[in-house]
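In the part that follows, the structures are each spelled out as structure tokens.
Here chain A shows up in two complexes: once beside chain B, once beside chain C.
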Partner chain A sequence: MTPLLDVADLAVHFPVFRGPLRRKAGTVRAVDGVSLQVFRGETLALVGESGCGKSTLARAVLRLQEPSAGQLRFEGQDLLRLDRRAMKAARRRMRMVFQDPHASLNPRLRAGEIVGEAFDIHGCTRRERDAGVAELLTLVGLGPEHAARFPHEFSGGQRQRIGIARALALHPSLVVCDEPVSALDVSVQAQIVNLLMELQERLGLSYLFISHDLHLVEFIADRVAVMYLGRIVETAPIQSLYAAPLHPYTQALLAASPSIDPDRRHQHVVPDGEVPSPLSPPSGCAFHPRCPFAIANCRAEMPPLLTLAPGHDVRCWRAGEWAAAPQRAAIPVGS
Partner chain B sequence: MGTARYIARRLIFSACLILGVSVILFAMINAIGNPIEILLAERPGMTDEVIESVSRYYGLDGSVTDRYFTWLWAILRFDFGTSIIYNQPVSEMLVTYGLETLKIQIPAILIALVVSVLISVMAATRQYSRLDFGVIAGAMLGHSLPGFFIGILLILVFSYWLGILPSYGAYSTRNMLMNSTLIDGLWHMVLPVGMLVFFNTATLTLLMRSSLVEVLRQDFITAARASGLPERRVVFGHALRNAFIPVLTYLGILFGVMLGTAPVTETVFTWPGLGALYIMAIQQLDYPLIMGETMIITFMLVGATLLTDIAYVAIDPRIRLA
Partner chain C sequence: MDTPIVPEAVAEASIAVPLRPPGLWRQGWYRFRRNRGGMLGLGLVALVVLVALLCPFVAPFAPNDQSAMLRGAARKAPDWVHLLGTDRNGYDVLTRVLYGASTALAVGLGAMAVASVIGVIIGGIAGYAGGLTDELLMRFAEFFMVIPVFVVILAVVRLFGIVVVGTWLESIPNLNLMTIIVLLGCFEWPPIARMARAEFLRLKHAEFVEAAICIGTKKRDILLRHILPNALPSLIVLVALGIGGAILAETMVSFLGFGDPKAVSWGQQLHFNYEALKVAPWAVLSPGAAIFVTVLGFNLLADGLTDAFNPRLRR
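After this line comes the complex of A and B, so read on.
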């Protein structure tokens, strides 16, 4: 099965200039050789700490940020080779939901104009637009009567519904959700997540779902990709990731995530130190300075992405050990 | 809707403001002393009788409150009295000189607005580029240099060295350019308008660029791009409209203080406008003229503020009509 979205060795590097003469002082490798696939109808969650390059990756996937290297295939097309017109056509099919619904809606436009803009851009008639807007607003749990209101007249949850309606205009196949609920009240988060899942079922959408909330991810995602310092360190189907995380970073993330289930309480293993600067990432495996299991080889060489189970890839020199004897993993997780 | 009520409230507030200014103005002018005594002080042999009759002629007898209400009633009918020095009705002078002032100020503000929008868009869409830094530096310089300095520089270059533009006045007294009043008038406008455009563009660009940079970073701009909207429409449609609020505030102030800065421009270019007239009136203690001009400046300022407040409501739906 060909994936809907196929990202191969994607990199986004930002040059950094310093000093009065603005000499190039280095490169921030925000995204550094990421490969991932999103299949039709599935949700791939992308998790990681803030600053690990999740949002940059999301932008690069939609070509809102031009990648420095790599390949990007969407619905069989090579996105990076499309001319302006073909790219515009592709944008109908891949849309985005933003984190902060207060910043992502133009305060000067009415809800109907915000949701309907895509119809105007892609040459629909006024009648098509008005019908589409009414349908979309109903679809996300608002009503056609809301079209005439301005964003400031809505609550946070309602605004995010407008943001989702905007993303669903003109039947996209892929929706990139960049932390779509993390700016909302907890009580509203569940409503929005349920809405997203319901819409996925009804419309056959695929989500690239960016989040740092592992409980939420467990609930919504089919597969998870864990990102650390611009690279994917582990990709796995949801059950195997939560049951047997193989990368020490994933283990630490899961351990750090609080649980109300007493059976799932476990020792908190917070990785030592800070996330290293992506301007000068550590040698070898970027996680080795914080990793309790680091060996000499980790410092020297970047581990390759190893496939240890069907669909379960991990980038760790000692992954074989954890896979062979998960009970010996020093951090008891989930059992 | 609440809009009408809002405007009505603003109107009443503005009227109170103007009334307050008129009281303070009248009190201050009175504090200077009886102008007749001051004017006639250097002429010995003036008897009290003469002073009294002249005072009566100019309406300066009677109590202060009586005179205030007489004056207030008069200015409500656009009658500012007669200029002591020029011996002309002040209202007529305000119109004649006012039109000359507006003739250079209005085009200058409009041209500056268009130019600064274009420059700001170029700079803000290329943030931190050489062009952007150049624009910031230029705008800072233009904003910091005193206006008269630019004016004198313009006169030096275009009138003195190149000799292609007139350095003073609004019209040629003889030998009209191409025998046309219109062309001759425009020809005289170039330098004063140029100076004001330079000055206004600098400040407007500083404001608009930073405002645009801020708006362009917002998610709804990315959202518009993600929907496939062409960049030009992203910038001019979504970004500019949102970046315009601080600029609108400044535009309101600019229209209001137009008459406050006019004395400088009109002195440099010997322009026959309200600014030059104001200086003259103050120097010669032509109190009907001073009071008339002060009231006109107040009207302009309050009017501009009122229009700005109303424009906010039109441009930004978030502003509450409270």
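After this line comes the complex of A and C, so read on.
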């Protein structure tokens, strides 16, 4: 099965200029050689700390940010080679739901105009647009009567519903959700997540779901990709990632998120120190300065993405050991 | 056939009002209303606008009526016929002051309209395109900021007045005044361009603009539909401030005798009467007060608008 979205070795580098002469002082490798696939109808969650390049990757996928290198295939087309007209056509099929519903809606446009903009751009008649707007607003749990209101007349959750309705106009196949609920109240978060899942089922959508909330990811995702410092360190189906995380970073992330299930309480392998600067990433495995299990080889060489089980890839030299010994308690933890 | 159903309309109005929180403009108006200085400015500006609109009906004499001169009543002190007296040319001072309001407003609004168009286009392109374009356009704007406007206006008005003699341009009424308006506009735009650049720079990375790009919105719509309307509140403040400045600039040009001889301008009244300040002070004081009130009004209005639209700037 060909994936709906196929990202191959994608890189987004930002040159950094310093000093009065604006000399190039280095390069921030926000996204550095990321490969991932999103299949039809599935949800791929992308998790990682803030600053690891999740959002940059999402923006690059939608070409809000031009990638520096790599390939981007969507529905079989090479997105980076499309001319303007073909790109406009492709934009009908891929959309984004933004993090902050207060910033992502133009305060000067009415809800109906915001949701209906896509219809205007892609050559629909007025009548088609009005019908589409009414349908979409109903679909996301609002009503057609809300079309005449301005964004400031809605609550945060309602605004995010408008953002979702805008993203669903004209039946896209891929929706990139960039932390769609992290700016909302907890009580509203659940409603929006349920709405997203319900819409996925009804419309056969695929989600690239960016989040730092592991509980949420476990609830919504089919597969998870863990990102650290611009690279994917582990990709796995949801069950195997939560049952047996293989990369020490994933283990640390899972350990850091509190659980009410006593069986699921992992030993604390909280990495000390800060995320290294992406301006000068560490040699070898980028995680080695914070990794309690680092060996000499980790400092010297970047591990490749190893496939240890079907669909379960890990970027760790010692992943073989972890896979062989699933009981993590046996491994000494420096605490 | 539509029969108005009163109970429903009443019910809807009474429910709809508390349900709808105020929008950006209305919020600004709420804040503005509580600003005493701003409201005073609005009142003064409203007064000037009213005078400009109504002057043909309220003015006791025609603006070009010099008949007092023939009666030997020039430089006459205020009395019941000439409420503010007459000046040395025999004009009724009150009439000239009232008619001057429309000239002042034409200068202020005209110059700022020209400046806004140039400023928003140049600043908008600079902010949105960025990079070298931005750098070049902003240096261009700074170039205009350091040129002494006054000298340029005086020179151009004089030269232009000579050049047009004998051409069709001569038939345009108030050509000199229009030249001054356009020139003022051509030199008042840099502050507007700077503000427009800052706003476009800020807004082009706003999430709602990225959302529009995601949908496939054309660049023209991004600029005109998404960015420009959100940049307007900050720009309006500058325009209000600039109107006062432009009026003052025209007054100065006219005071020096380079204004439009056919227009009724406060600056010109000063020009013709300042020598008789001790003999007939009323001919100078009235237009002076009119200038003061108008410019003060626009400055207070601009201050009030700043507080209303950028409330975070205070404190």
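Rule of thumb we're sticking to: the second predicted complex is superposed on the first by the 325 of 335 C-alpha atoms of A that agree within 3 Å, B and C clash if a C-alpha of one lies under 4 Å from a C-alpha of the other, contacts with A are read in each partner's own complex, and residues count from 1 in each chain.
Here is the rule we go by: a contact is a pair of C-beta atoms (placed from the backbone, for glycine too) under 8 Å apart; a residue touches a chain by one contact, two chains touch by 3 or more.
Fair warning: this is a prediction, and the values are worked out from it, not measured in the lab.
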Partners on chain A (chain B, chain C) - clash or fit: clash
Touched partner set for A:64, first chain B, second chain C, both or neither: both
First (chain B), second (chain C), both or neither touched by A:279: neither
Partner chain(s) touched by A:152 [first = chain B, second = chain C, both, neither]: both
Which superposed partner A:296 touches (first chain B, second chain C, both, neither): neither
Touching partner for A:256 - first (chain B), second (chain C), both, neither: neither
Partner chain(s) touched by A:86 [first = chain B, second = chain C, both, neither]: neither
Residues of chain A that lie at the interface with chain B and also at the interface with chain C: 59, 62, 64, 87-88, 91-92, 95-96, 98-100, 103-108, 117-118, 121-122, 150, 152, 163, 166, 169
Chain B residues within the chain A interface of the complex: 218-220, 222-229, 238, 241-242, 315-318
Residue ranges of chain C in contact with chain A within the complex: 19-24, 206-208, 210-218, 221, 225-226, 229-230
Complex contact set, residues of chain A against chain C: 59, 62, 64, 87-88, 91-92, 94-96, 98-100, 103-109, 117-118, 121-122, 149-150, 152-153, 163, 166-167, 169
Residue ranges of chain A in contact with chain B within the complex: 59, 62, 64, 87-89, 91-92, 95-96, 98-100, 103-108, 117-118, 121-122, 150, 152, 163, 166, 169
